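Step one of this worksheet: look at the structure below.
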Amino acid sequence: MSKVTVSRKAHFNAAHRLYRKDWSNEQNEEVFGKCNNPSFHGHNYDLIVSVTGSINVDTGYVIDIKILKEIIKEEVEDAFDHKNLNLQVEEFKNLNPTAENISVVIYNKIKPRLETHLELEITLFETPRNFVTYSGN
Amino acid sequence: MSKVTVSRKAHFNAAHRLYRKDWSNEQNEEVFGKCNNPSFHGHNYDLIVSVTGSINVDTGYVIDIKILKEIIKEEVEDAFDHKNLNLQVEEFKNLNPTAENISVVIYNKIKPRLETHLELEITLFETPRNFVTYSGN
Amino acid sequence: MSKVTVSRKAHFNAAHRLYRKDWSNEQNEEVFGKCNNPSFHGHNYDLIVSVTGSINVDTGYVIDIKILKEIIKEEVEDAFDHKNLNLQVEEFKNLNPTAENISVVIYNKIKPRLETHLELEITLFETPRNFVTYSGN
Amino acid sequence: MSKVTVSRKAHFNAAHRLYRKDWSNEQNEEVFGKCNNPSFHGHNYDLIVSVTGSINVDTGYVIDIKILKEIIKEEVEDAFDHKNLNLQVEEFKNLNPTAENISVVIYNKIKPRLETHLELEITLFETPRNFVTYSGN
Amino acid sequence: MSKVTVSRKAHFNAAHRLYRKDWSNEQNEEVFGKCNNPSFHGHNYDLIVSVTGSINVDTGYVIDIKILKEIIKEEVEDAFDHKNLNLQVEEFKNLNPTAENISVVIYNKIKPRLETHLELEITLFETPRNFVTYSGN
Amino acid sequence: MSKVTVSRKAHFNAAHRLYRKDWSNEQNEEVFGKCNNPSFHGHNYDLIVSVTGSINVDTGYVIDIKILKEIIKEEVEDAFDHKNLNLQVEEFKNLNPTAENISVVIYNKIKPRLETHLELEITLFETPRNFVTYSGN
């Protein structure tokens, strides 16, 4: 029973601002620079969701990609697409929406939707040149 | 004196919202759908600036790409990157920032910076799947 | 009223075989080589549909991309995706499904769905290295 | 003696159908949906073959990429390109050609061609959005 | 008899230096900057060759892509790949190998190999962000 | 304190030649083929620098990408871009500039610039089809 990783790409567009409410303007400016624009800026986020497990000998699938696609739609696209992450997404009301934190939030939303024997890794592109990877450790 | 088109890719990240101040909420919602989110959403815009002219026989250049790169930086990247187009960019204070209108604004900013014998075309990717092209006609 | 081209990318997967029923095996083999495999082979076709027209001053759109996306879905994706072009798509029952011919068929299906003042161009990638462009001339 | 992974991209086009001969039409339809089209559909498969080992201090190579390219050509491209996987490739006569199973078959064909101290990983893109990875565990 | 453009991508790697023998070091340095490195630098050039003509009603082809691929191999890849353009390619012994000039040279090598009714366009990427287009005018 | 990998893409253009001074011409020719061109050839190298560590709970960052970008600029781009690796880069005066060796050199230059708890991985694309990965083991 060979272990294979199955990956699915998706994307969403969102506005965000990097800052901490409990810091002064100066401190936010120094740490987050132009990402601290109070009027927000935005990204086309590209997302790769990777699921690892044994091949089911009956179907030849690790996971039916149609099911994985539906989970991504419900947990990520419907929740984040065309939204302002800071103002309109519950998880970021008190959490700075850096790429690192967004990848952890996405992991925590998708993991409970998968059968427990499956491993999960999230890769999130904030821009084509900047991306992060998180696998729950 | 062969005519060649020289193209340079650039990009910027910005937030925007599609709507008209003089329309009702219902009308904006009907025409612009989720792009009308009042809290804004955002994109990684990819930009291709194409300049057409004769090859200079001395240098072998149509235009020095270092000069073109500097013009794009001054007119587009410094002006739009990490900005909220509706709130922070003069040209869109009374103009809906659709991809079509943004491409015309960029054309009008870059054209006067080029020698008059050079032709210009702007290609703007709002997402990897949606893009527009404008060449001044 | 500036003229802008709006483009939308889409894709579909299909099987096909290049051959003519009225030619001998030898002739098909000589002209179409391994593309003449009688058991078929297949491609992930990438499609760019480009529509040119004046910007509507009310909306800032040339065409609402949601409408264009729906037209592509109905005329191309629903008709061709996961199909055998030779056996299951009416237009290719007596027409060799080369990339050239597929692009003309797609043009002829989408053009009547657009307002008459709009121009149309079809770009079809058979592979990332081989593609064709057709604009109705 | 640093361990480095050397990767080479390749591709092939093929037709396939997902189904099990020993299942009813209804069962195949329910599990495999439109991938069960009896007239087949197809893909441009992109393949990344990754070989890990120590750098040879004489040549600076882990493996000569020209040799790796030749192995991929003989074992994968010559065997699968422009073929119908179900009908014309021995390994899939009784094995459902899912991306997962194809990656295992490719691994098992290439591994014996490599020196035994080298590790192997196969990444197979069925479409630009769906891909699988297998490294022999 | 519809007119379609058929395009084929290819690539080659080469070293080059931008300078004029008849200019002083200072003048070369001022105009060509770091591209004037006397020890050369290099690029992976990506090339798109586009041929426009009527579809042949017998074959469904504008041009057999296998023939176009062979012409590109003979005229460009065999001549330029893994070469130093300034020192080892006849056409650039007295012509500055800017992207503009390389595209004209490639056009002039491929055009006579095509049937006279076919039009030709060359697109040459010096880097993924800098590219030129030439169509013989 | 979740561990996340943060990656940044960069690139540089350079000329190189694969050969060993202490080997005969015949031996270099046999092992390195056309990569042994005495007049050099070149590449657009694409580089991915990946840094793994815990998310800083104050900033939401593993590493400030602006700092990582600056380290890559100083250690790699300023040192290698538009250079002849064999003739103008100290590290390759007696080390064959294969992709494998370049990735180890880049790792050894960047690692001391990072806080000691951070892990590092280097991915280097010599061409879009050939790339190597090194993580210090």
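Some notes on this structure:
Lettered A, B, C, D, E and F in written order, each chain numbered from 1.
The rule is simple: contacts are C-beta pairs under 8 Å (C-beta built on N, C-alpha and C of every residue); 3 or more make two chains touch, one makes a residue touch a chain.
Because the structure is predicted, anything quoted here is derived from the model rather than measured.
Both chain C and chain E are touched by B. Minimum number of contact steps separating chain D from chain E: 2.
Contact tally for B-C versus A-B: the pair with more C-beta pairs in contact is A-B. Mean C-alpha positions place chain C and chain F at a centre distance of 42 Å.
Here the CA centre of chain A is 28 Å from the CA centre of chain F. Looking at chain F, one finds that residues 128 touch two or more other chains. Contact between chains, per the stated criterion, is found for A-B, A-D, A-F, B-C, B-E, C-D, C-E, D-F, E-F.
Every residue of chain C that touches chain E in the complex is listed here, in rising order: 18, 20, 31-33, 95-101, 103-104, 128-134, 136-137. The residues of chain B lying in touch with chain E in their complex are 2-10, 50, 55, 58-62, 64-66. Chain A meets chain B in the complex at residues 11, 13-16, 34-35, 37, 39-44, 81-84, 87-88, 127-128.
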